[in-house]
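The next block holds one structure in the form of structure tokens; read it before the comments.
The letters A, B, C, D and E name the chains in turn, as written, and every chain counts its residues from 1.
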């Protein structure tokens, strides 16, 4: 019962991520794409947590932690590169 | 015409693949050919023979130690190739790339990174040291330390990070993975077993029952440190610029 | 229900793969490829392979993305418009 | 920083990291506890070598005690922020009038300013896009959103025990000057072995 | 049973905020305004689902880990939003103004 409910929630969130992928794919600027990746990553993290409880395997929470850490690393490092480099946006 | 031909070829390939997939045995079925020969042996014997609770670690470090040693050597070779193309920085010189643009990094991000780097490193140490019990291990932990070094380098600049992680620290640790693996393998030979049998099998049990586990953890630590330093060095030699900005005596 | 979840993941995977291949901007391709790695880690989790999920999340989404971005800034960013 | 207080800071950092280690490993077995003590001490030493200091000097026991209250109030602010943003997003006319305003804060150090700007990012209709010195550039979704900043600043000042000095300074709209206040490559570089 | 109801309610709230964030991400006109729904709605959505799962797991070792993930997400999403906004500002990406109905600021590149 609870598992089915959690699966439905995970399903809705993943469909949501498909829509957010639009921003990552066509976003006019590169910053839009990075934002899209960050958002899809947050949704993926939540899905990891939900699937952990659907499959009742608590060690997958480590994967969720790694997701959170690496999302921070990627977003910060890539936006630092974007702001520091002399690239003009070729929209 | 060329496009049409390529499309046809891809369609044929897709049809072939789909046909093969349709005829594959169902996933997770215990009757599958892959699950009937070697897997039961691993699942039954691993905990007793390799003294690791996580069977995956037992398989990749013990049963298939040769493969893993090859993989570790491949990572080391990647570093060697990157250094062969781009060159290592000269000792005593300090280079800059990201911090050269004149745009200082954000104070907020700096404070956050300062706050989070200890946590990231601690988590990766946990991943490395608990590789034999929970998922994770040397490769994963090394990659996470590499990630923390990447964020440190991009935020504080190559000038700072190449001073904090100097070449004389990185140089011996880059080879740590291969060296530790090799030494542990030779330890097995000294004890009268074969290469990579994890300590002298007869003496180990008499000396201490957990000795094999500790050797596995030792190999994990080696792989983790080596992987992290290889990633850091690759990043450094990629973002370095030829023009030096300072000379340290 | 679980099958539907897997189907959505696979759809995302294929969509990101196609988008990454067809992106003209190399930086966009790299950024979309990191989404591919994230979804791939989810897939490994569905297949109950936590070790691989950890590796994919750490190496695929984290380290390679930044290294690719560094490489792109070292070289040219736009794909060469040749022929046609 | 005297040697004694540096050692005390290191020990405090080790204790905090050890707490995290226990949560990560999720056991209380003796072997894991010993391993955790050793590795958190090791990580503390490495961190000091890497960052030049153990903990921010602004983190004191008082701040740690006040943190839960601050978190509760911040979460309440976040909930209000979401209600506000929800009203704007779901409105079919999308009633936004975005602008970048400058806000001069009286909070002294990096850490209070960081906490303040992260709180701004999480509360109604405002995102901190730049922080140079004591000047914050805040992107506001609607003009009335910038009214909440002063209250938030008081909250953060209470958390860090900072007294307000000088006359009140409000937010004002300006054009953002891209080069204003940006340090150059060599400006403010610490000496060897100092903090980063 | 009450535990499950609370967890389910928190999950529903989180999903609602996720949907809201996606709507905002698609509707908003430029990258600065898109930061608002993404930092606020996504953070609250993710945190409430994670806290809901913590309620669902009850008193176990998973509870503190989930709380750590939630706190970390709170910190990191605020910082990530700031980092993206700052890089957009530094790259002179024009921002959307209501008065003229078109973009200004930056150098219009």
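We adopt the following convention: a contact is a pair of C-beta atoms (placed from the backbone, for glycine too) under 8 Å apart; a residue touches a chain by one contact, two chains touch by 3 or more.
Since this is a predicted model, take the numbers as computed values, not measurements.
Starting at subunit D, find the fewest moves between touching chains needed to arrive at subunit E.
The fewest touching-chain steps linking subunit D to subunit E number 1.
Of all the chains shown, whose C-alpha centre falls nearest the centre of every protein C-alpha atom combined?
That would be A.
Specify the chain most distant from subunit E by Cα centroid.
So the farthest one, by centre of C-alpha atoms, is B.
Quick check: more C-beta contact pairs in B-E or A-C?
Most contacts of the two pairs: A-C.
From the mean C-alpha coordinate of subunit A to that of subunit D, what's the distance rounded to whole Å?
So the centroids are 23 Å from each other.
Would you mind pulling out the distance in Å between where the CA atoms of subunit A average out and where those of subunit E do?
Each chain reduced to its C-alpha mean, subunit A and subunit E end up 11 Å apart.
Please tell me the distance, in whole Å, between the geometric centres of subunit B and subunit C computed from their C-alpha atoms.
Centre-to-centre distance between subunit B and subunit C: 20 Å.
Where in subunit D do residues touch at least two different other chains?
20, 24, 26, 117-118, 128, 130
Name the residues of subunit C that each touch 2 or more other chains.
50, 53-54, 58, 62, 66, 70, in rising order.
What parts of subunit E, by residue number, touch at least two of the other chains?
Answer for subunit E, listing residues that touch two or more other chains: 35, 43, 61-62, 65, 68, 72, 75-76, 79, 82-83, 86, 88, 90.
Taking the complex as given, what residues does subunit D use to touch subunit E?
Those in contact with subunit E are residues 20, 23-24, 26-27, 78-79, 81-82, 85-86, 89-90, 94, 96-100, 117-119, 121-122, 125, 127-130, 137, 139, 141, 175-176, 178.
Which of the residues in subunit B end up touching subunit D in this complex?
96, 99-100, 102-104, 106-108, 110-112, 114-115, 117-119, 121-123, 125-126, 129-130, 152, 156, 159-160, 163-165, 245, 248
Under the stated contact criterion, what part of subunit E meets subunit A in this complex?
Contact set of subunit E toward subunit A: 4, 7-8, 11-12, 14-15, 18-19, 21-22, 25-26, 31, 34-35, 38, 42-43, 45-46, 49-50, 53, 56-57, 60-62, 65-66, 68-69, 72-73, 76-77, 79-80, 83-84, 86-88, 90-91, 93, 109.
Could you pull out which subunit E residues touch subunit B in their complex?
72, 75-76, 79, 82-83, 86, 90
With touch defined as at the start, can you tell me which subunit C residues reach subunit A in the complex?
Where subunit C meets subunit A, its residues are 1-2, 4-5, 8-9, 11-12, 15-16, 19, 23, 25, 27-28, 31-32, 34-35, 38-39, 41-42, 45-46, 48, 50, 53-54, 57-58, 61-62, 65-66, 69-70, 73, 77-78.
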